[in-house]
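A, B, C and D are the chain letters, set down in written order, and residue numbers restart from 1 in every chain.
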Amino acid sequence: MSLKSEHTKELHDLALQNSRIRRTKSVIAYAVLGLFVFASVGPIIYIISPAFRESKSLFSYPPQWLPNSFYLGNFKFLLSETNYIRWGINTFIFATGVTVIALIIDTLAGYAFARMEFPGKKIIFGLVLATLMVPTAALLAPTYLLVRNLDDWTFGLIGLDTYGGLIIPMTVSPLGVFMMRQFIETLPKGLFEAARIDGASEWRIFTRIVLPLMKPAVVVLGIFVFMMQWANFLWPLVITTKDETRVLTVGIATLQGQFVTNWGVIAAATLMTLAPITLVFLFFQRWFVQASMAGALKQ
Amino acid sequence: MAEVIIRKLTKSFGDNTVVKSVSLKVEDGEFLVLLGPSGCGKSTILRLIAGLEDVTSGEILINGEIVNFVSPVKRNAAFVFQNYALYPHMTVRKNVAFPLETARLPKDEINKAIDEAARILELQQLLDRLPSQLSGGQRQRVALARAIVRKPVVFLMDEPLSNLDAQLRQQTRIELMELHQRLGVTTIYVTHDQIEAMTMGKRIAILKDGELQQVDTPSETYDKPANTFVARFMGAPPMNLIQGRIEAGVRQFTFNGDGILVTLNSSQMGLTDEVLSLQLNAAVCLGVRPEHVRISTDLSVEGVSGKVKFLEPTGADLFVTVSIGIQNVVVRCPPKTPMQIGSTVTIAFDMTHTHIFGADGWNLRRSN
Amino acid sequence: MDLVEQNLSDPDWQELTMSDEEFRRARSRYKLRALVPVVGFLGPFLFLWSVFLATPMVWSIWLSFNTGGLIDEAKFVGLENWSRMLSNDELVRSLKNTATYVVIAIFVVFSLALLIASLLNSNKRGQNFFKVALYFPLLVPPIMAGMIFFFLTHYDMGIINLVLQAMNQEKLNFLGDNPNALLTIVSLEVWRGLGFWVLFFLAGLQSIPADLIDAAKIDGAGSMRRFRKISIPTLRPLLLFAVIIALIFNFQLFDSVQVLTKGGPVLGTTSVVWFIYKRLFAFQDIGLAYATSVGLLLLVVVLTVVAYGFLGKKSENSN
Amino acid sequence: MFLAVLGATALVVGACGGGGSTTPDTQAVVADTQAPVTEDTVAALPFEGVTLTFGKAPHGEDEKANWGEWLPEFEAQTGIKVELTQVPWDQLEALYTANFASDTPYDVTYQTSTHLTLFGERGTFEDLTARINGADFAGDLPNFPAGVLGASTYNNKLYGLPFVVGTTAMFANLDMLKSAGVEVPTSDVELVAAAKAIIADQKAKGNKGVLGFYTPRTVADYGWYFTLQDVHNRGGDFLSADGKTALMDSKEVKESAQFAADMICKDKVQPANGLYNREAAIELFKAGKLAFIQDEPSRVKTFEEAVLPFAWDIYMPVGHNGKATQFATTGHWAISAKSKNADAAWELVKFLSSAAFNSTYNQRYGFVPARLDADASGGNEKLARNASWVAVWDGLKTSPKVSQLLDEYAKALEAATSCKTSVDDAFASAQKGATEALAQG
């Protein structure tokens, strides 16, 4: 009897000790995670203050942390003196346009590469993948000239200062096709065969079977493409000439004079640019977080 | 309802030929089982018939029409997949409706067809569930429902029971056969399980390495295996195959296999002396099923004597492995036959059920 | 019909009715018909790809054997650009910097991302919040991220130096000294990219079958050992994909160099793409720029193949 | 060789001075030429319906708004519609390269001397020689100093009409000078001594962290722009007069770089590279933590607007042995060779380079006008003084290779002032790079 209770006590102690270790471990884990969150979000918080200060007092000595008054001049300047709203709308149209078209052509091509047989498939796929590694900056000029010359061929649909010219060349993303192909390959082959037996055309298989099943992957790729184009700078820079056709990144870059940077305005612009994308992100984050990236990216 | 004929069907993937000039005729309403070990090309043949693979050479006819270059749906063959291949994002109803919606049938017709299929396969309660909410057997029935709802002329089933546990498998086997009887649709059924083949097939086509070995009723494949492969593949435990030579005796030919001397009575064996003489001195096999070997502890009985090596009681039978020299012969005895390991016994073969497989492995009974 | 007979003789029904010629023709017609959907599915992408990616690329390969060709007429010079490329000191330096950057960035990002991902994997509470917060920096376009880093690395007003100052430590010269500048650029990349890789590896970790982990726990493996012996080998195919993608993207280091350092100090942060960009636009040395660009492409292709061979093989062995 | 360079430099300087002396008479001529143009516009707008595209990188974030006020005047006069595109400085070359390669480039662009001939020699710009010698420009031409025009000419071709010339100014915190009891320095040696004295004085008064001198020496902050005039003050250049030979390892280049390096590494009157970029240094000066800063004269406006709490003034950057010249780039208006409305474009260029517009523009942005009859000071005494320095302006000559050569120079300067590389090594490497660049194409 006594032996038994001793044993129980021992077990109890051990359990207590274990739970204590576990608790300590999780405290450490959350501390580390908190540190990384701080490092992630901190820099963005750091520019809130300059955005609400006059540029003149930004780097004043001694360092001034909080704005002595709630200065809105930088924002006012952006909204009244620049085409900021227009840039924002353009950015949205640009990024959305690229995303929508890229998703369509990437999923279609991904399906073809994953589930269709045709001569030269491996070679074509290899070539497509190879172009993934081309530095985009180097292709800037040739692509620009191409779009310029396409102006006449496409009745002005794809050309300078057009959404077509801005959007279409950016929709080609070998990475997207690669990701989609990888995902479709993870789907059981039998599904496609069953559908073929059931008389479904490739298009019906694609719309009724593949698309519903790859929704998570499509969302992930969509967010990925949207982000890339949201941040894109060089292409919209060269392909737009008018202030009204510019996107946010380019518009903000034109605010910098030669050698002179209006830091307050830049900080304000950065904040204002982050605001809508943050909303978009928060709206989709449920999707994003739930979307199984492993599925999308599985080898 | 249709007759399926394949002629000299060959399928290669690159340099690898997996189906080698197979010809087969499946009668209208027949239940034919394609049997063979994995990798023998049986599934490929099924997929070729369905139109899931592209024929390298040869012809496939359904109802007298060459369908090599006809799209799967126009062949009007339904396919039941090993893992059912149900659409995971659709309810049972949607799954079953899919082929009909694809064919653009009117809504009420679709509903009627679904109801009927559901009734036949007892799926009424499950129509609004997703495949992930079903058990293996239920999924299997949904897959069948999806297949029958189209009213196909041919059923192609690719190991449909292999994902079920043993008990369910047996039960479903019976259900499948009932379904076949009820619908009378020509069915080609692929399996690697010889019990399944024996119990289900009206005929069995046995394949090895892409080549057809034998097409026969289950009892014929068992009783008169075409070659050593079939002999060993069908039946558990397999047929005893004893290697040896045919020698000329005084009046009759004898089989000599390392101490096992058997006088061959050609008429009892359904052979002629001419056939045997062709194999004189060639390396042949003598084949006999365990139940066609008589065993006796009485050493005076005529036969070959050997030592008991193993005993395998299975309940219904007792299998005795007798070693004679370097050869082993398995004998089936009634369950409680007194046998001792190490004791000496005499065995004798029932010549009417004994086969000689020639040097090429083919049963001599078939070469006349 | 005698069933045995089926195999023995060649009854009439076994005779082929189509001649070889008919068969071939029917077969190629059938295959051609099967290509129609391929054209439909692959067509849009392949068309746009060949116009907007393949054509400029072929053009740039052609230009690497010429001088001029963008603004003025191209003049064929054979391999001159390629030999100039191989003897260019600044390019050698750029390549070294880029390689250093790629190695450090991949190593740091992947280690941190794996660490955070495994912490998140075993501490489920608040997981979504952490994911979102860590992903946040990716929303900042590089050009603006560069500006934010200017604030952060300001000698007197930057947060890090203020902390150092408060701790009576010597302040850091972030962008004016080597290797600080390159490390600052690495930090920018780590800052922006970490969240993405955390989500990536987290998804990978969550796909590890639980019974594998349980089995290891029963075997008494500690968490470090479990991570090394189970997580890493299971993640290896994912890691391979990640390394290849990271290689491709990091070798294109450009934005942060342009915004933060312009290749300085003393060529400490000049990258290959920055080198190309400068030749191409500022110097109008089109031939050298495209020779380098094609050279970089070849290099990355080779590295990718090597990475694939190396990691790919290992992952096969581990299975 | 060395003598030849000296001679050439002297010639250019001389020519500049000569141009300067014509100032008084030209103003009247300008007034005359304005009249006929007005008459034309009254009769019938000569270019009604023509639209010109106009590309320019901004000198300030308010520039776009300003153009909105400036251009309508021209549009009303001529009937020409002008579409302005603002080109960010950082990506200017990429954008121009793409644009000029197309069939429809900007009709008129603003080009600095580093880009003028780089693009011009590739056939992008119209040679304006005939235009400036035409009757409609006869009244304006004499106002352009020959030295400025000369520096903009390459192979007898003028790809752009000079608009502004860059100068640099030395800003001094006079309170600090007074406190330390030193005079405004007039030579490089005096500058170092004065800076040292001020640092010591401020330290003694408990003002730690005061710095003596700042001017950019790094590639990122265009260090060459602020350093090359010192090479000229020493009588040298980084390129031979005929533009064919690199002189990166010449005595003058290296001595000037050595001086710049010594200020940072040896004398420690300037903070190490990278600690403060230009903007940060400007803030230091504004905060009274920096005695001297060499920067662009446009900062006069910045400092005046900020109302600095101490006395300050601008001076010509001091030179070796007291010699002082101005040496920087020029900004030009260029017309695209492919322009379909070249005549209209020329009207725009004439408007942009007119004395009236030049005055308006530079009263806002504080550059030195490239024509002598423009008044950029607007009564500002400091800016007026700055404008007068154009007399000793000895600007960077344009050449198709100039940006590449400046890159070599700038890299070497940055290396030399890093205190880790010797001046000899740094400029030997620059010489090698520059020679290769000149040999190529």
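Basically, a residue touches a chain if its C-beta (ideal position, glycine included) is under 8 Å from a C-beta of that chain, and two chains touch if they have at least 3 such contacts.
Values in this document were obtained by computation on a predicted structure and should not be read as measured data.
Participant: Which chain has its C-alpha centre farthest away from the C-alpha centre of chain C?
Facilitator: Ranked by distance of C-alpha centres from chain C, the top chain is B.
Participant: Roughly how far is chain B from chain D, going centre to centre by Cα mean, in whole Å?
Facilitator: From the centre of chain B to the centre of chain D is 93 Å.
Participant: Please work out the Cα centroid separation of chain A and chain B, and write it as a whole number of Å.
Facilitator: About 56 Å separates the centre of chain A from that of chain B.
Participant: Hey, how far is the Cα centre of chain A from the one of chain D, in Å?
Facilitator: Inter-chain centre distance comes to 41 Å.
Participant: How many angstrom lie between the CA centroids of chain B and chain C, rounded to a whole number?
Facilitator: Centres of chain B and chain C (C-alpha means) sit 52 Å apart.
Participant: For chain D, which residues are shared contacts with two or more other chains?
Facilitator: In chain D, 90, 94, 97, 101, 280 touch at least two other chains.
Participant: Two or more other chains in contact with one residue: find those residues in chain A.
Facilitator: Counting only residues that touch two or more other chains, chain A contributes 59, 61, 137, 141, 145, 253, 263.
Participant: When you check chain C against every other chain, which residues touch at least two of them?
Facilitator: 70, 154, 156, 277, 280-281, in rising order.
Participant: Judged by the touch rule stated earlier, which pairs of chains are there in contact?
Facilitator: Between chains, contact exists in these pairs: A-B, A-C, A-D, B-C, C-D.
Participant: Okay, in this complex, where on chain C does chain D touch?
Facilitator: These residues of chain C touch chain D: 67-68, 70-72, 84, 89-90, 154-156, 173-177, 181, 258-259, 261-267, 277-278, 280-285.
Participant: If we count contacts the way the header does, which residues on chain D are in touch with chain C in the complex?
Facilitator: Residue list for chain D touching chain C: 90, 93-94, 96-97, 100-101, 118-119, 122-124, 218-220, 272-277, 280, 400, 403-404, 407, 411, 414-415, 418, 420-421, 429, 432-433, 436-437, 440-441.
Participant: Using the touch rule from the top, collect the residues of chain A that touch chain B in their complex.
Facilitator: Per the touch definition, chain A meets chain B at residues 188, 190-191, 193-200, 204, 208-209, 212-213.
Participant: In their complex, what parts of chain C are in touch with chain B?
Facilitator: Chain C reaches chain B through residues 3-4, 6-8, 13-18, 23, 26-27, 29-31.
Participant: Can you list the chain B residues touching chain A in their complex?
Facilitator: So the residues of chain B touching chain A come out as 47, 50-52, 72-73, 77-79, 81-89, 98-99, 102-103, 146, 150.
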